[in-house]
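Two complexes follow with subunit A in common, the first pairing it with subunit B and the second with subunit C.
On to the complex of A and B.
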């Protein structure tokens, strides 16, 4: 699955991978909170956080290309802020500060999610007393997200191979029917999964 | 519309997170009480479905394409409280797994897209459904609800950015509102087409959101919570008159006690008629847009559903 290589990295081994997930999440959360909410020009703080995160990224050996790609996805937001700043020079927060804050926070989130399996994150959330129903929903979503994404891809490919001419009016209806079939299949699968859950002693 | 970290300040992120926790908590309690156990797995699968559905592209002019956002569709299919839980799960997973939207800003994103989006969709869906009977009315209502949910979320998003002092309100509000009025048209159209296709394939799946499903008071409480949230976020910008808090402070004579105004207008110098007309014009455009989109949605319902199909309850 080229569009989501997370799972390839979460199981490799380094100091960052071996950190206890709850400690790692707590540290990352504190770091993000302090960075995102720091007032104004704390250049030294931003530099320190940047040094720490870059060091951790290098130690954890997650591919830099992937990290940089994700960071670049943020740039439309930052460009928008910069453009507004150009027209309204007296906005309270200059765009460089906003950019630094978002890039550093994103780097921290990336580092955590690339080195921790999602199941471990859910375990930490469960211990943090997040309601069980929400955890179950997220766990099921994470488990079947890739299955349904693959199914969606297959259905679109099948649709493409049966549609010879591309007319826009028809196209929307065809895409809508793909999405609706996806929902129908998802709810059928949900029934089967519930039976399987019960068979394995759920509740 | 996913706000990244660093774009909100502490008070905005805190207020939004508190509102989201309340809203999602209420939704979770209601789901636990009302949802049949068989449907527990449907919540997770619906969340996964929304993610996969967002990968299906709908071509727009000039080679660009859009995709479903889905809060209105899922609200119409599952009902209000389950939809809020599903959207919240989607947003949390997007935040952690795809670093889409910030961690500190998660509360604001959940408020805009899950709580506010679904509540707006729920109320506009049920209001618009009365306009036409049968499947026609439902399809029109889904289209209208999709538009409303997107625009409402965009407006509070702009308000949160302005309240944090990152963007001036006079820029953020027109830009976000006008852009999302356009995006909302696509969202409404896609939602309506998908909803209709589901109704045709499996009418039983689309029936769960009948009004008897949830007691009205829970939706009303949620609606009031959301209204409170909108009031908090929009109050600083709603008028150029001294706001309620200020006038109360003046009446009781403690305006000097405050170290700094809790909410300072992002740019006091710009509160002149020459600039703030853009806000007024956008508000008028929004009101007119709501009426126009409502009429368009009704026309869409008529166009998509032939009369004799609409008569069957579905």
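On to the complex of A and C.
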């Protein structure tokens, strides 16, 4: 699987990319809300939303393969939600409907985030009066994802350079230790970033 | 006139009980450029964090820090941070915004300046460090040298009276080091530079302070201290080559 960054496609050019970010976000929000509230037997509605989103994805020229990869990556969440619903004692909605609703919502979110630079999304949210603290948290998360990804890659490489034989289960053990190390480093870095913010007058 | 930085019998203990600073006393006059030398773990960074009021967060220290005559307390913190610009060791810690422009404008925005002045200051600072057209670049795509200069611009936009730098030339290639050195020379604020780059200290700082195990070991003219081979070796340092080629007479 290729791990292209999410931002790889946000600066391309298409009708979807050129749409105003606030309009795009509002449309996606409305679509998700309507889909979430739609009754289970509205099959035509789900099909229409699916067709619309797939059409928009094709027009945006984001490779379908990439979108499907991302959906697969997120599919455990969809499946978990569906599973909870399937085994819930007092079921009102069949799990297939829940899965369809989550899938469509995810697709809408993916499409917006793949065709809009993250900074623009934050600007819209800021104008929509989303709490400043939440926006700052999201901005910081986006900024340090790259640093964290680089760091994990370097660590993974350093480990591999001293892994001489392929043994069963070694990948899992390596990954587990890399993840725990990353967690420690991330929290240390968070402290240093907070210091740096304070030094320049953060209140 | 009160000195720019005045530290009196400063002691600090970390959470785990390690004594990081053990009775530090020194002062730096306004406009001076002073080098802070010492081996890894000698307490240099901890000392620098005190000058900006980042440490202590709790009452685990004793002693006083005065900036331009004003004691660092919870009440004076905002004024102190406005006066002291701190350049951190890892540029990735300091560049926390998505674009260079946003990051450089962070300080002035926190000060609540009008947007026009914020923009003007950001432009000036970027031009000063040679990153005139870098405003819209993503911070994570910059080279190490560019990151370092963007950090400096972010500090300069707050127009500090005192500049405190933690290993400003580490991780830079020779050209990056040379350029950064030139930048530092052109800044006329009071400067305290913690570094292992002994050539930088010889060239920029007439005075140096040597720190080891949380204590000041020596404080005096840079060339005199750095020429003392015995002293240098005893504290994880060495006599820099640049001094071997300069004859005192």
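Following the convention adopted for this analysis, the second predicted complex is superposed on the first by the 135 of 203 C-alpha atoms of A that agree within 3 Å, B and C clash if a C-alpha of one lies under 4 Å from a C-alpha of the other, contacts with A are read in each partner's own complex, and residues count from 1 in each chain.
The definition used in the following text is that contacts are C-beta pairs under 8 Å (C-beta built on N, C-alpha and C of every residue); 3 or more make two chains touch, one makes a residue touch a chain.
As the structure is a computational prediction, the values presented were derived from the model and not from experiment.
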{"item": "Partner chain in contact with A:79 - subunit B first, subunit C second, else both or neither", "value": "neither"}
{"item": "Which partner reaches more residues of subunit A (counting touched residues only), subunit B or subunit C", "value": "B"}
{"item": "Touched partner set for A:142, first subunit B, second subunit C, both or neither", "value": "both"}
{"item": "Touching partner for A:119 - first (subunit B), second (subunit C), both, neither", "value": "second"}
{"item": "Which of subunit B and subunit C A:23 touches, first, second, both or neither", "value": "neither"}
{"item": "Contacts of A:172 with subunit B and subunit C, given as first, second, both or neither", "value": "first"}
{"item": "First, second, both or neither for A:193, with subunit B first and subunit C second", "value": "both"}
{"item": "Touched partner set for A:152, first subunit B, second subunit C, both or neither", "value": "first"}
{"item": "Which of subunit B and subunit C A:203 touches, first, second, both or neither", "value": "both"}
{"item": "Which of subunit B and subunit C A:64 touches, first, second, both or neither", "value": "neither"}
{"item": "Contact residues of subunit A, present in both the subunit B and the subunit C interface", "value": "118, 139-140, 142-144, 147, 189, 193, 197, 203"}
{"item": "Of all residues in subunit C, those that touch subunit A in their complex", "value": "49, 52, 54, 78, 81-82, 84-86, 88, 90, 92-94, 96-99, 106-107, 110-111, 139-140, 154-155, 158"}
{"item": "List of subunit B residues in touch with subunit A within their complex", "value": "4-10, 13, 24-25, 28, 31-32, 37-49, 51-53, 55-59, 68, 77, 85-86, 88-90, 92-93, 95-99, 102-105, 164-168, 171-172, 189-190, 193-198, 201-202, 205, 266-267, 269-270"}
{"item": "Subunit A residues touching subunit B - in the complex, by the definition given at the top", "value": "4, 6, 29, 32-33, 35-37, 70, 74, 77, 81, 84, 87-88, 90-93, 97-106, 109-110, 112-113, 118, 121, 131, 133-134, 136-145, 147-149, 151-153, 156, 168, 171-173, 175-184, 186-187, 189-191, 193-194, 197, 203"}
{"item": "Residue numbers on subunit A that touch subunit C, as the complex places them", "value": "118-119, 139-140, 142-144, 146-147, 189, 192-193, 195-203"}
